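To start, I am sharing the structure in question, which I have written as structure tokens.
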């Protein structure tokens, strides 16, 4: 019968219309500016730098300015300059750490390649602006956010990272202690085997 | 000429509604014999609501009949291949998300397969199953949206697309909670996947799979038997099987023309040989068949998802020996391809032993499928050209790269 | 499974004069390819498609590769007259020569009917500047039509016998072939706040000379 | 109406409103009406266009902001959402669309590509930001921005519209006679588009980078 399919279709739309008043499966609108979306833990937008202490974020950055992320960033939106003292010796922290959010594609590769867990992905997405140049170029003071904040947005990952860093620190300390003990022991009787302490791993701040 | 897949049961080939069951004439009009009358040349696009992006067709019309049609490409040519040659192997992975931006998961997978071939990497079994789950979710997402867009082109403005996007959001929520991003997942890695899915996530997938069947029933109730849609799409844009094969057409469009060619069966990559599914094949090769094949494929995807979820083994999802950063494959080349929702998506990589590929080539299914656009549109009205283009299922990010 | 050697033998049996060389592939993929001479390309392609035992009915992928000029060092042995009366001394010297680059077009063929493939065909041009034509395989496989146009557009390979050889991705008045390795892109590096590598070199032209030390807009 | 010193500050106005006194100037009424009927152009470029469509669909429902009327013709649109990568081949068309839109018109650059070329910035056929040719009102970074981020950008734009004075030098373009609203359309040249940016529309601040050392 001609028209049966049409009527069937109209029944479907009618079902959806009525359903949208009582069935949450059919009424899916989120009232965005009033109701904030429930972001999943994994959600990522732009990177930020993890700092240990809220009172001195720039002094306690985990970043050691090794520039791996700068090199690996596919769209090249990271710019790092190592902080150096008067003699030119590296202070192992960034003097300049810029991320151009007008280029960043939120791919998370900087997070994956960072050996120091210093850069992580933020979840702030309400960043529309009318300023083209400087507002979109984030400097290290804007990027530095505390570990507490990291725990708030990615609790599982942050707990993992903290546990790993603590374990590494402990292992490093024990190794240093053992090396010192071995040195002290070997210094007196026979200076045969020069202690060859492996360089301490990641200088965990 | 071609043996349809033996696994495809006859029921998959059944046309739900025979074209003769209603009184409308198909809209295909033979081109005028004498070529009399004035010809009109118009340019559809690059800004046109029905060209699925910045695609342009230069159409020559006799009255309302298309007598010549030349596609114009390049309005979204963003140099994907050139950038791929300047980026490391890992760095190209997020770029593949942006090729066919509806289906980032399958693009990732195709690229990962190509690199795994090039570097000789193996993939843990759990990762293979996770890849199947994600690829089939992507297929559901793509085909649902395509049906919505196609109906938009037919003139049902809004409603089917609205329903399609409602379901798409549910799949995107899953992608987002797994990979962190709605569209640009950047999830696959060489030798596995980036994140291990949690049991809660797998339960959410199972729940979605359970409700997708009823949604498809409703969607089909709305569209499949609709007389206007049948009148508009049946007999329009017929693609003969021989031409489809010769013109490199792949994916649902090839299968709608009656060729049972599906890389999941032919190449048997991943764990597809262990899963049981049928390959739907069309009989007429028209727009309606292309729609129908996709709907049937979604039904098979649901079954595939159920099997993959049930058989998902434990273990790691990423080969710990596989190098991601600083991968330097031996000099040589590899071509890896998978059955994406739009057809055969392949990556051809040439390595010269350095950290960046010497040549990085994407074989884009929708670009090659467009080869037959003119053949399909000749003799039809300009309104039919729009739905023929819609049924080819193009995404400009992939056509122009 | 057809091996390239097997396909090569069949081709040589059918076309005795043709040059068909196996190009080995060093990667674990192990997919070797066949380099065919331009003179017989169209015949060979037709044979590959129509011969029932081969039936490569679909050309899936067509692409170009730009191989730059390579510096090759040959070791040449010269014999020089040695000490008077003694035997001549063999002196080895290294001779540098430039192996001219060429453009290469790669075709990936599959057989849908026999579920076989891929057979990878390669065609090479004479050099990168003047002798850049190869025969078009579009008359054999329609799928080459747009892909060969793309290779023409981005690499500058001229396909003789192509029905509609125009630029496809770039606009018509464009003159460069941007996928070539020696392509120089236009200079629009006015605002590059995070440059390094090549981009830094290119962007530096646009930076004003620092007037006073420490004058930056970073801090 | 005195431009330099408004009779009431906005705090005083809010206070009066709380006390139940409704004070509305013509300007406020006019801008309120304009800001809640911003009709975008139905124009998608790339990936971000999908998120723009998603924003207009049931879940995010841009109709709550009065912007659900996506017009296929630039003659009927108020807002150009540049949603995706603008290639050099496409740039003249985008500028022409902008010129065809009637004043008052606004432009949102949605996503990294529209702002600066984004991840494809170094490509030979990619325009490094649509603001090289069109004055952009709101930039929404992200790749792609979530639909909520687009809605947030739209709210910012509405606030901007509400803050526009009707007279004086800060008045919107359509109320001034001195400002031409047409942007020069670039030409497709032999190697690049010409010019590579419109001098009157775009100029970058001078940039001194510290040495990498």
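Observations
Lettered A, B, C and D in written order, each chain numbered from 1.
Note that in this section a contact is a pair of C-beta atoms (placed from the backbone, for glycine too) under 8 Å apart; a residue touches a chain by one contact, two chains touch by 3 or more.
Not measured: the values here are computed from a predicted model.
Listed by label, the chains touching chain A and chain D alike are B, C.
Common partners of chain A and chain C, by the touch rule above, are B, D. Centrality by Cα centroid goes to chain B. Summarising the inter-chain layout, the chain whose CA centre lies farthest from the centre of chain D is C. For chain pairs A-B and C-D, the one joined by more C-beta pairs in contact is A-B. Centre-to-centre, using mean CA coordinates, chain B is 33 Å away from chain D. Mean C-alpha position of chain C lies 44 Å from that of chain D.
Computed from the mean C-alpha positions, the centre of chain B lies at a distance of 29 Å from the centre of chain C.
Counting only residues that touch two or more partner chains, chain D has 58-59, 89, 116, 119-120, 122, 124-125, 143, 146, 204-205, 209-210, 212. Among the residues of chain C, those in touch with two or more other chains are 169-171, 178, 191, 193, 195-196, 199, 216-218. In chain B, the residues that reach two or more other chains under the touch definition are 74, 77, 79, 82, 94-95, 98, 166, 169, 184, 400.
In terms of which chains touch, the assembly is arranged so that all chains touch all other chains.
Interface residues of chain D facing chain C in the complex, by the touch rule stated above, are 89, 116, 122, 124-125, 128, 188-192, 196-197, 204-210, 212. Listed in rising order, the residues of chain D touching chain A in the complex are 58-61, 64, 112, 115-122, 129, 131, 136-143, 145-146, 148-149, 151-153, 155-156, 160, 204-205, 209-213.
Chain A contributes residues 28-33, 37, 45-46, 74-76, 79, 81-82, 84, 88, 95-96, 100-106, 125-136 to its touches with chain D in the complex.
Within the complex, the chain C residues that touch chain D are 169-171, 173-176, 178, 183, 185-186, 188, 190-193, 195-196, 199-200, 206-208, 210, 215-218.
Listing the residues of chain A that touch chain C in their complex gives 70-71, 76-79, 96, 98-100, 103, 133-134, 137, 139.
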